[in-house]
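In what follows, chain A forms one complex with chain B and a second complex with chain C.
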Partner chain A sequence: MARRALGLSLTDRALPYLLLVPALLVGGVVLVYPLVNGILLSFTSYTFIQPQYKWIGVRNFASLFKDPIYWEVLLNTVTLTFSAVILQLALGLALALLLNSSIPFRGGFRGGVFFIWIMPEIVAALIWMIMLNSEFGILNFLLQWLGIAKHNVVWLGRPLEAKASLIMVYAWRGTPFFMVMILAALQTVPSTIVDASKIDGANAVQRFFVIIIPYIRDIIILCCLLSVVRLFQDVTQVTILTNGGPIYSTTTLAVHVYKQAFVGLQMGRAASVGVTWLIFLFVLAVFYIRLVTKGEFRK
Partner chain B sequence: MTGTTDANRPGRQRHWAAWEWLKVTFRRYHLERWVFLAATLVLVVVLLFPILWMVRISLTPDHLLFVLPPQGVFRNINLAGYIGLFSRIKIGRFYFNSVAVAFGTVLTCVFSGTLAAYSFSRFKYRGRNTLMVITLSAQMFPWAMLIISLYILYIKTRLLNSHIGLILAHSTFALPLTIWIIKSYFDTIPRELEESAFIDGCSRMRTLLSIVLPLTTPGVLAAAIYVFLFSWNDFLFGLTLTTTDRMRTLAPGITMKFIGEWEYHWVDMMSTSISITIPVVVLFLFLQRYFIEGLTAGALKE
Partner chain C sequence: MKRTLLVTIMLFAGFALLYAGGAQEKAAGEAAGPVKVSMSSWMPLQEVSRDMMLEIERRFEKTYPDIDVVYVDMPFEQRIQQTLVSVSGGNPSDIIHLTASDPFQLVAMGAITDLMPWFRDQLDDIPDGALRTGLIEEQLISVPLQLGTIVVLGMKKNLKAVGLPERIPDNWVDFKSAVRKISALSEKHYGFAARTAKHENSAYWFFPVMYGHGGDFEDADGKIVFDSPGNRAALAWYREIGTTKQTPMGMAIPESRNLFAQGSVGFLFDGPWMLPIMRNQSGKGEGIDPEYTAAPFPKGPDGRSRGINNNHVLVVSKQSKVKDQAVTFIKFWSQDPEITDFHFSKMGAIPAYKSLQARPTYSKLHDLTRAAIEGAETSDGAPSKNPQFSAAKEFIAAGMQAALLGGDPAQIAAQTDLAIRTLYGQ
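Let's look at the complex of A and B:
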């Protein structure tokens, strides 16, 4: 009896840790190890042909910061990500507000648009590759038919147009996410407050800025953060649509790391680009964790 | 001075009257509903156009493929793209690999994720906060960099080109999300429920399995859906961590086929794309509620 009681209290104290064991095993082996190893790699001259951890100090970083391509890539990442997120927010917010009114088929519209977000990335990329084809693509035809463009636009073959295409595809993919999240947040706005403001004579614009925005502000910030994270990670869509080109005009940080490692076979150098990414990560993570865990840790 | 205001007044009044009239008519016939509906329709049609176009291309006969403006959209239907799926393009093996990897990933994540989520939600202990922070920021780790180390590790441990290797890789990236979704469901279940079970003599594990878990089924389901989607939709890990056609999953498999060998086989490209998308559509049609719940779980707690 006494032994059983002791055993119970011991397992009770160890239980929270025991429950974590499977997750730690998976996460530790394939998440923490690659991260630490990646940081180590960035200080070595590891290549595919000479796979040795030969320590070369900060030489990778020194040559990186002197490389104009690196700065171009950094600028591309910021430009593409932020333009796309702004478009996603504008479109997603508009759709959410429309679907929050009393129009018919709301569920159908929401489901249809949400589908864009859950379809495989590769399918989205292939569709757009076909639509953006400069000779036979439907987009050029539609633009001319509507009188917006006069000639065929070379979407993926010129620096500026290629950037615009990617921003368009990103915005298209991410809008449903904003829509669903903001719509869910809008439904938490108490109708009594909205009704009261109507009685007090507030018009739609005032209502939007004074009542609705404060209610959905946190969700909007969260969506923007998550979307930035997602776009930072994207290699697939860039690879399929432009392969980072023409020249380096659509190469983002993620694509640069991936291509240096698996096309240039310079693992060490690639890792050093990845390490500079961790600085961005740190800033984003601080915001994100504060937002998601409001009061969580003090519970 | 007075002259100008006098001259302005009738015009302004007429303007004002027109505005009033508009407002009254809008209210009487609920016109704003129609304006909203029209705006929504336009937006939705524009957004869904690429998907309709994918379906259209997959059914177009070869001789009409590059004809603009599009002709014979409804009259000429060509099913060759779908008939050739398993014979000409040989995606059967890719399908098998994708299904095996996706199910393996879902099982791994749901098992380890549920236990970890329960631990985070119900206990206070040293290291809990640190681990939760790591969980939350894990999705921001640079994947492209992690893949390099995984690749090197997999070569050493012979996990390269294996289902287990891919399952592990997918799990790591889907696990943080699983833990977070399920934890937010655990958080909503009152502790009193468990305490009454303890008093009745249930052990911790027993309580988890027979009292808490049944109540969290929607959360587990929502998490499982996202893990499945992540694994099914993945391109990058599949591309990097497999090296032969036999082990490739769908997304990298078909891409390797089309980009390069079959550059302008648009019909096959689109019919194959649709065939990869169908499992996602089926899941979505039956479980739409959980898709949306999973997405907003945690974010909209308070």
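Let's look at the complex of A and C:
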């Protein structure tokens, strides 16, 4: 009687859930199962050679935290990622502001920059590997031709230069994304407010920090978070350019997990690295949500 | 709403029927026709060897019409990882193409067939170096496809320019002196193109240097002996060549080969496959052949020349249901005289079997091919048969790079030794 009073039959109420089942199944298989399995794996001594789930508690984590290579890898990941994101933000913002104004060939320039982002990652990495080659690379040729460098720079064979090269490649790759997102956000800034501020005597710097930045702040934070997550996961560019070397100077968490699993065959140990990675990004995500929510509360 | 529910159910039923129909068709297809033998290899994938592999497949299927060979492309750099995953997933290829030091992880997983029943009568025909690698406790876990003896290549014009004879020095003292002299020719010259990239391959190429200085990886009982005077001396030499620009930095296999082919390097360690590679990368075709020479590694302090090999080997997965047919293809590719001659003509691949090496095809050979055959007996394809050897090589690669960048050899040797012993559980 109550059902009839609501005007919905049992079939009508069950249908939405039935239709959700395929999506939930796919999500469960592709997302939930690997996540739970990975976390459980980190508490076992599972290897390719002895593929048994033998529970060893937190021993993987204990040996991980005692391993100096792990800490170097973590520091590398944070350094490379955050340096690259800052550079991506600076360049992306500058390009967006430039493209928001009336410059000649704006459309072509926008397309050219966007092309960088849609290029497959492995193609981009291979091109940079060739360009950065210390003997044959065009970058060294140009630097010496312009008189900036006297000798070949070993871009990928020395720790500091290798880090700088990776940051440069990450920045090159990620800047178009920032540019596109910030450019879209800039379109939402009301021109009336900007015009009014000009009348009130605000200069360009004041307009930028007081009016434009608050409007695009949330997009900037979102882009930074997405970029951090993406760079944390990068294996392709590191593997192609330096394979984590020289020594361990460019080994990141993603590469370290891969090597623990498929070179060292230590799946449990690899999963423990993955769990620490997950916790790190989770903390970052919580920080992001608080930042954004705080902003909305203020608005 | 009822109509929507009905449509949804019909859609699900339709998909289920399609899937069932497809599965039935696949099963029917598998029941009839020639026996399928799958082989994972990088050779059908690479442009330089693709046509040759297709021709070998064609000739085999003409000879054995009841066997259908199916290639499964597997990039060289990913061969171990992809094999491990396919074995773990329960769907490895029947035949897996690997290099000499690769199969031990698979052996530890119990994933490889003992080939002794099929090859027992041919063991005497396989060079000692190749046989040592394939034998584990009386089981033949892999058979060699082609010799991959690593030798020393030398660019004659650079040797001549420093007043040295146009041959590889036969001891390490003279070799290192030659490297120094060639490096001093100009800023663009390097005495030796070491593999200096962070890769387990670079670590493997460091082993002859260790042997040449009296060092080793493990003793006869399998105990790790990386921290030894010989290995410290080898690391000290790497420190010298890295810090004084006697070798280019950050070079993986392709770059070091390219540099050698362009003529600005004195020496390179590589295998017999360099014959077609040099012709291709130098841009001179066969004209490059007389410009370089090759020989087995210089003698170490014990008066012996000891090197490594990267022999190509073939294994049969334990899960294969067509082992006899798989062995038939292996024997065709590695032992048929016409096919091995064809393989040699295309890729410079020297057959692994001594009886085939005695054929007229191999009577007039380049120094490189002769050196690879000569060095086959004393080369070692697997300095360690421990399944963790690949991971150990990662530590050695890092240590080697630390030495090249000026690190203390004694400290590096000690740290690397400890890391490997921990890995091996010693």
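Simple rule for what comes next: the second predicted complex is superposed on the first by the 273 of 299 C-alpha atoms of A that agree within 3 Å, B and C clash if a C-alpha of one lies under 4 Å from a C-alpha of the other, contacts with A are read in each partner's own complex, and residues count from 1 in each chain.
Just so we're on the same page, a contact is a pair of C-beta atoms (placed from the backbone, for glycine too) under 8 Å apart; a residue touches a chain by one contact, two chains touch by 3 or more.
Only a predicted model underlies this, so the values are computations on that prediction, with no experimental measurement involved.
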Which superposed partner A:Leu98 touches (first chain B, second chain C, both, neither): first
Larger contact residue set on chain A - chain B or chain C: B
First, second, both or neither for A:Arg158, with chain B first and chain C second: second
Chain B versus chain C as contact partner of A:Gln206, first or second or both or neither: neither
First (chain B), second (chain C), both or neither touched by A:Phe136: both
Touched partner set for A:Phe262, first chain B, second chain C, both or neither: both
Touched partner set for A:Leu19, first chain B, second chain C, both or neither: both
First (chain B), second (chain C), both or neither touched by A:Gln52: neither
Chain B versus chain C as contact partner of A:Ile118, first or second or both or neither: first
On chain A, the residue positions that both chain B and chain C contact, one per complex: 11-12, 15, 19, 51, 135-136, 262
Chain A-touching residues of chain C, taken from the complex the two chains share: 1-2, 4-5, 8, 80-81, 84-85, 88, 105, 108-109, 187, 196-200, 248-251, 255, 258-259, 387-388, 390-391, 394, 397-398, 401-402, 404-405, 423
Residue numbers on chain A that touch chain B, as the complex places them: 11-12, 15-17, 19-20, 22-27, 29-35, 37-38, 41, 51, 91, 94-95, 98-99, 101-104, 109, 111-116, 118-124, 126-128, 130-131, 135-136, 138, 141, 145, 172, 175-177, 180-181, 184-185, 188, 219, 222, 229, 232-233, 235-236, 240, 253-255, 257-258, 261-262, 267, 270-271, 273-275, 277-278, 281, 284-285, 288-289, 292-294, 296-297
Residue ranges of chain B in contact with chain A within the complex: 32-33, 36-37, 39-40, 43-44, 47-48, 50-51, 53-54, 57, 65-66, 68-70, 108, 111-113, 115-116, 118-119, 122-123, 125, 128-129, 131-134, 136-153, 168-169, 171-173, 175-176, 179, 204, 229, 232-233, 235-236, 240, 250-251, 254-255, 258-259, 266, 269-270, 273, 276-277, 280-281, 284, 288, 291-292, 295-296, 298-300, 302
Partner chain C, residues of chain A touching it in the complex: 9, 11-12, 15, 18-19, 48-49, 51, 133-136, 151, 154-159, 162, 242-248, 259, 262-265
